[in-house]
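Take a look at the structure set out below.
Chains: A, B, C and D, in written order; residue numbering restarts at 1 for each.
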C-alpha cells in the first residue's frame, strides 16, 4: 500500500499516522506538502491526519480545504482513490465538500481527550473490512470540535445509504446520549461519501496500533485497507 | 477603505455554542434572555478607493473562505 | 425583542485568527485585502418589551460573559 | 534621543521599578543620564524576573552537576544525557501574574514560552506538564480562573501538538489573589546537536524570526516582579495573546534550519523580548551587538524604540547565522510563512548599540548590563518552629471511613481527570502511562527507552517547615519516578514565593532552597534548570511557599514500567518504607 500523508501548516499528528501506516503496511508513507499540486505517482491511499491546520482559525479545516493540493485530492477521489481523514482531516473533508455536513463545537464546549468505544456499523467497506459488523473497538479521541451536524435530509441519506461506518457507543455497543461524547447527530463518529471511497472520522485509530502501548483496536482499519488494496491489485 | 463582513448561522442549523451561552447567562442570573446565536464579524481594511471593486472583493472573500455557505449566511457592508 | 451584541478585539491586541485569514485570502487570490480582524456577534432574542430593561440585560450579559473586557470591546444594539 | 521621549525624573525611574540606589548604580556605570529607552532596558534587565537579584546568591547552593548533565542552569533549558547519543532538554517556568489578569491568554503564553525554551536548544518537545495553584473553590474569582487557565494550557499544547502528560492542581485560600501557573516542557535532541545562546564571531548577521512585534506586554517583566494591589486591574499592559499555530510553524522552521548547519547561536524572545535576547547572546559570547530597529518587522505603526525593545510579543526568536548561509535560512522561513529579517550584527566593541530612524537610541556596555545587576542578600529570618503534633494526641472527629470519604471528595484530593481530559495527552503516540498515576511515562521515539516525568510539591509542608518541605518535594518527585520503574536523573524547579523584601518570606525561600539542595545532593539528583517567581503577594498576604519540582527519570525499557492499578484478584499488597 503506497500512502501519501498531506502536510498542512499546523497539522500535528502526521508522525503518529506515519508510524501506524509504516507498521501495518510495511511501507513508509510519502509526506506531501500542502502547496504541491499533484500526488506521488502510484498513490493508493491519501491520508489527512489530525492536528490544527492553520490553528483551527476561522473554522476547523476551512483554510486547509482551500490548499492547492486539494484539487489533486479531489481528482484522486473522483477516480475512486481511497481517502482517509482523521480528526482535523475529517473537518477538512467536510469543508472541502468531499463529505457532507460539518463538525461543530463539542456540545459541552470543552476539548476532550480520552478513550472512547466505537461500534463498527458494517464490515463490507475498505475502511471496515478489518472488523466485524457490530464489533466494538476502543480508540482515543482528542478534539474540541467533533460534533457532527448536517441537515435532516443529509442525515436521512447517510443513514439510508449505510454511510455511517463508526458510531460512539458504550463498551458493550449501546448507542445513546450518555455515550455520545460530543453531541454528534446520531452519535456519528465516521462517515463515507456516496461512492464509499472517502472516510472521515473524529477518533484516532492510529494511536491504538501497538501492543506495547496497551491497545491495538485501531489496527483493523489500516489492515483492512491493506487487504482491500491487495485484493484489488 | 473599511468594511465589515458578518457571518451568521442559517436558521435550522444547530448552534451548540449559542445554546451553551444561553444556559450560562441564565445561571449567571442575566434575566430575559430567550435565545442566543453566535456568529462572526470580520473587520477588513481594503487597499484602493473603488467601492464597487471593494464590494466584489469582499463577496469573493466571503464566498471563497469567510463563510461556509452550506450552513452560514453572510452580509457585506462597506463602511467608509 | 431582537438584539445584537458585537464583540471585537481592542486595537493593539494580537489577532492570530485575523492574521491567518488575511494570509489565506491572499493565497486564494482575493485582491486588495490589506488586513482582517475577527470578532464575534451574538444575536439575542429577549423576552419582554421594555427597551431599557433589555439594554441593561444585554450590557450585563456582555460584561459578565460575552466579552472578555481585558482584551475586547463590545457594542450593544437593540434591533426591534 | 527621541523628541517625544519623556525626561528622566525620579518618578519615571520609580515607575520602572528601579530603586534610587539602583538608579545610582546605573549613573555610575554609564557616566551619564540614560535615555528613556536605556532606562527601559535597565529596568527590564535588572528586575527580579530577569536578574534574579534576590535569589541568585542562594541558588548557588544547589547541586547542578553529575556525569550525565550536559548543560545545567544558565541556558534556555537544562540538558541531560540519556545514552545512545540522545539528550533530554527540559525546564519549568511560571506565568503567574499574567494568568491572574487574563487566565486563558496568560496560560497559553506561559506554555508557549516554555516550549520555545526547549526547542530553541534544538530539541523537539515531546511532553508538557503543569502545576496549577488556585484560590479557595468558593472564592468568587476561582471558577473563572480555573476555567481559563485549564482551557489555555490545553488550547496551546493541543494545537501546538505536544502531549500534556502530568501535573498538579491545588486549591488554597492563600492563592486567592495570586494564582500559580507553572508549565514544564520536555524535549528530545541529539546530544551532539544542542544549540546555545552565546554568539561567536564578529560581523555575523543577527536575524529576527517568527511573528511580528506589537505593543504586547510592554513592561510585562516588570509587572512579574511587582506586588499586586487592588487597582492592579488598572495597570493592565496590553495583554499578550498566544498563537500556537505560529509557534508550531516556528518549531518546524527552527528544527529544519538547525539541520542545515546555518546556526551559530539562537535565543528565544521571552520576557523583555528583544532586549534580553540580544544582550544575552552578545554578553555570553563576549561580543557587542548593533541593532537597527528600522528592520524589525512590526505589527503596528509608529512603534518607538522603547516599545520595540520592551515588547513581549510571542512566538519570536533571535538567531546568529553563518553569513554565507543567509539565503538558505531565509528560504526555510519563507516556506513556513514566517517573518525573517536581519536586524543587526555582532561587533567586537562589547557595547549594546541600538539605532532607530538613523539615531542612536541606546549605547550601553553589554557585559555590565547582563552581569552588573544589583545582587541582594536580603535579610531573612527562619520560619517559626511549629509544635509537633502526634497522631495519638488528636481525637478523631469522624470515623476513619467517613473521614476518608470526605478527604477524597475534596477539590484538592479528588481525581483531576476533569483537567487532564481537556489536554491531549496521547498525541505523538508515545504516552505509555497517561496522567493519573505517580509519574507519566513517555516512550523515547522508537524505544526501548522511556522517560518518567512528574511535578511535585506540598506547599503546606513548606510553610510548616521550609527545609523539610523543600526536601520532601524533591523526595516525592524521586519516589514518583522510581514508582513507575524509572531511574531519577535530574530536576527543574520553579520557586514561587511571596515578597522577598519581607524577612520571613525570604526565610521560607532560603529554607526551602536548603532543603532542595540537601535532598538533591543526597539523591544525586541535580538541578539543571529552573525559574524563580517572587512577589506573589496581594495586599500584604503572600502565597504558601510553593517550590514546584519537575523530575525526569529514565527507563531502559519502557515496557517494564509499573503502574499503580491492581492487576489481579488475590495478590499480596506490600507496604514498604517507615
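In the analysis below, a contact is a pair of C-beta atoms (placed from the backbone, for glycine too) under 8 Å apart; a residue touches a chain by one contact, two chains touch by 3 or more.
The shown structure was predicted, so the numbers you read here are calculated from the model rather than taken from an experiment.
Peer 1: Pick the pair with more C-beta contacts: C-D or A-D?
Peer 2: Result: the pair with more contacts is A-D.
Peer 1: Using mean CA coordinates as chain centres, what's the subunit B-subunit D distance in Å?
Peer 2: Roughly 39 Å, centre to centre.
Peer 1: In whole angstrom, what separates the CA-based centres of subunit A and subunit D?
Peer 2: Measuring from centre to centre gives 37 Å for this pair.
Peer 1: For subunit A and subunit C, what's the span in angstrom between their mean Cα positions?
Peer 2: 34
Peer 1: Residues of subunit C touching 2+ other chains?
Peer 2: In subunit C, 16, 20-21, 24, 28, 38 touch at least two other chains.
Peer 1: If I count partner chains per residue in subunit A, which residues reach a count of at least 2?
Peer 2: Those would be 54-55, 57-58, 63, 66.
Peer 1: Mind pulling the residue numbers of subunit D that touch at least two other chains?
Peer 2: Residues 243, 245-246, 337 of subunit D each touch two or more of the other chains.
Peer 1: Give every touching pair of chains, nothing left out.
Peer 2: Every touching chain pair, ordered by label, is A-B, A-C, A-D, B-C, C-D.
Peer 1: Where on subunit D does subunit C make contact in their complex?
Peer 2: Counting only subunit D, the residues touching subunit C are 101-102, 104-105, 211, 214-216, 236, 238-243, 245-246, 299-300, 313-314, 337.
Peer 1: For subunit D, which residues are in contact with subunit A within the complex?
Peer 2: Interface residues on the subunit D side: 151, 154-155, 158-161, 243-246, 248-249, 336-337, 420-429, 432, 443, 447, 558-559.
Peer 1: Would you pull the subunit C residues touching subunit D in the complex into a rising list?
Peer 2: It is residues 12-16, 19-20, 23, 68, 70-71 of subunit C that touch subunit D.
Peer 1: Okay, in this complex, where on subunit B does subunit C touch?
Peer 2: Going through subunit B, the ones touching subunit C are 6, 8, 18, 21, 24-25, 28, 30-48, 53-54, 57, 60-61, 64-66.
Peer 1: What residues of subunit A sit close enough to touch subunit D in their complex?
Peer 2: 9-10, 12-13, 15-16, 19-20, 50-52, 54-57, 110-114, 140, 142, 144, 204, 206-207, 210, 212-214
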